[in-house]
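The two complexes that follow have chain A in common; it is paired with chain B in the first and with chain C in the second.
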Partner chain A sequence: MTSPSARLAGFARPPRLAALCDRLVPWAGGLFVLCLAAALVYALAVAPPDYRQGEAVRILALSLPAAWMAVAVYVLAALLGAAGLTRDRPLVFAAARAALAPGAAFALIAVAAHVLWGRPAWNAWWEWDGRSAFLVLLLLLYLGAGLPARDGDSRRLALLLAAGALALPFLRIATDWWVALHRPEGVLPLGDEPGDAADPLALILMLGAFKAWFLTVWLMRFSAALPRGPEGSP
Partner chain B sequence: MKAALALIRRDLLIARRGGGLLPLAVFAALLLVFPLAAGPGAAPLGRLAPGAIWAAALAAHLVALDALFAADARDGSLAAMLAAKAPAGAVVLAKAVALWLAAGLPIALVSPLAAVALGLPVPVLPALVLSLLFGTAAIALLSALVAALALGRGGAALAAVLVLPLAAPVLAFGAGAAELAARGQSWAAPLAVLAALDAACALGVPPAAAAALRAALDRRS
Partner chain C sequence: MTAWGAVAAAYGVALAILAGGLLAAGIAWQRVRRRGNGFVQDSFRRRG
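Here is the complex of A and B:
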């Protein structure tokens, strides 16, 4: 009879951890499909069009949750990296590295949706408002982290992620301040935060779908990075 | 402390003997090219001058960034410095100070010349010079961090990708101070933010860069 904590510690053995991840993947994937279906139906068909943005407001249901997820995943990877640094745990580093690619995908989705939304809303594919500038810098941060993530130098990757995560709030403040300083009146016809027009339920449903997708991909990538035991061993 | 001063003196000597004024040259060249590319006509140049000067100052640091630790890592003196009694953070700090003395300080001192040539009004100059003095200090520290993170892998390209997002707040507040001065408004707030960023970088960068250097040397050996 093993104690609960000993049973839990057993999952820290890479082969068992990989098996656990593989078992969880279909559930997370199913949750993603359900959430995505609900989010798409609601955001595209049920939610009312905005009185100023019209149907274009539906794109926000894609771009805002993607931007939130991109920030959240970067911070998650940085926290995992910091945890790995203090104890030098290769498993934790592997979890941080597995989160980077889906996080970068979120940043890309956010930028792409932002471009598509800018055309109807601002009559320009790109406008240097605070959110656009922040998204570009976030994409650069992911790009910079992706290069060292490939050569397996986990400690320097963790340090880089920590520096980037600490810089994130400064970037947001600086971009907002910079836009407020340089904006001539009336460049943004929709007001300061056009994202306020998005339907909250559509945002929440899409955020749930994104979270489930991230969990699926993260678990798959993490499990693929783990060493496998010989056939039949627990 | 003595070791750090000796290291600064050594780095400045190396810089003086071998292309250490490259950042300043790049800064001057970019600002010479800018009016040539944009065309004459004082009004639009003066409007863009603070941004152009700040962008050129950041680009000038990118040139020096790759060489910050690479030469010392190649001939083994970096490993000797980290093995010595002086704390590794002091080594990083000394490197950043030497970079600032060789790049940031001369750029800030030369900037009034460039600003006047670009048609920036004279009352704006104090804001520009002070914001460059404070801002380049933070950029030098961030350059040291990024150089340590990128040491031995791809070098310059990776460093450029890494330093741009990290230095973006410095760029925004630095150019913002000059912009506010050009409008005749108070520019104390962005300068205070730059000083705060300096302090934060001076505290945070040395330990992080030292850890990154150790990780880089561990992999090499």
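Here is the complex of A and C:
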């Protein structure tokens, strides 16, 4: 009888890992469709308009979860890259590489939604305040990390990801250091100051949809990166 | 641009990016599942 750790280690063999990913993809995709439907109905039809922003507050249900996901996925990729560096694990590098494109998609959604929200809410398409600038920097970090990922140089990729991760804390403290249009203390309607309050349930539902989307795309990209012969071959 | 116009544009862009990402990853994944990706175990280790 094999020990639990030996059975677990068996999943690290690429063929078994690919089979596991392939089985999980439809479930993750189904979860995404359900979460997205719930998030869209709630954010667009059920959640009330904000008394100051009006209907434009509905865009925050997109831009905020997308920005959170962009940061979270970058941290995940940087940690995987660091783990791959220490033990030279090609599977871990492949997982880091597979996360880059979906992470960049979140950064792009966050920037696009931010621009479209800024016009009705701030009366300006864009404002280079601290948090907006670091959001663009994050998008550039993704694009920069994607270059060595393409030519397969895993060590350079891991070092680039780790160097870029040093900028991430500034995304959080940017609103404390540079007092500008973003409110400093976060996004949820805490305290008496309404500020840029977004509906918490709309944020949570959209975050769930984004997480399921990321899982689906990440699993497909990771599975496609694993070594495989043509169908039917071992 | 009205507020609802901005909302529609933001959701349109976001859904297009999500659908495009899903489609691109899905096509690549299915192609690899059918035809393989030319790797064998040894070359994968060297590639990493």
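General remarks:
Everything that follows uses one rule, which is that the second predicted complex is superposed on the first by the 202 of 234 C-alpha atoms of A that agree within 3 Å, B and C clash if a C-alpha of one lies under 4 Å from a C-alpha of the other, contacts with A are read in each partner's own complex, and residues count from 1 in each chain.
Keep in mind that, in the parts below, a residue touches a chain if its C-beta (ideal position, glycine included) is under 8 Å from a C-beta of that chain, and two chains touch if they have at least 3 such contacts.
If you're wondering where the values come from, they're calculated on a predicted model, not measured in any experiment.
Looking at the shared chain after the overlay, A:25 reaches chain C, while chain B stays out of its contact range. Look at A:217: by the touch rule set out above, it reaches chain C but stays clear of chain B.
When the two structures are aligned on the shared chain, A:56 is found in touch with chain C, with no touch to chain B. In the superposition on chain A, A:82 makes contact with neither chain B nor chain C. Judged by the touch definition given at the top, the superposed model places A:140 against chain B, while chain C stays out of reach. Residue contacts after overlaying the shared chain place A:170 against chain B, while chain C stays out of touching range.
Once chain A of one complex is fitted onto chain A of the other, the partner contacts of A:119 are limited to chain C, with no touch recorded for chain B.
More residues of chain A are touched by C (comparison of chain B with chain C). In the superposition on chain A, contact is made by A:162 with chain B only, not with chain C.
Once chain A of one complex is fitted onto chain A of the other, the partner contacts of A:93 are limited to chain C, with no touch recorded for chain B.
Those residues of chain C that touch chain A in the shared complex are 1-4, 6-7, 9-11, 13-14, 17-18, 21-22, 25-26, 28-29, 31-37, 39-41, 43-45, 47-48. Within the complex formed with chain C, the residues of chain A that make contact are 14, 22, 25, 29, 36, 40, 44, 53-56, 58-59, 62-63, 66, 84, 88-91, 93-94, 101-102, 105, 108-109, 112-113, 116-117, 119-120, 152, 154, 213, 216-217, 220-221, 223-231, 233.
Chain A contributes residues 85, 137-138, 140-141, 143-144, 147-148, 151, 153, 155-156, 159-160, 162-164, 166-167, 170-171, 173-175, 177-178, 181-182 to its touches with chain B in the complex.
Here chain B touches chain A in the complex through residues 145, 149-150, 153-154, 158, 161-162, 164-166, 168-169, 172-173, 176, 179-180, 197, 204, 208, 211-212, 215-216, 219, going by the rule given at the top.
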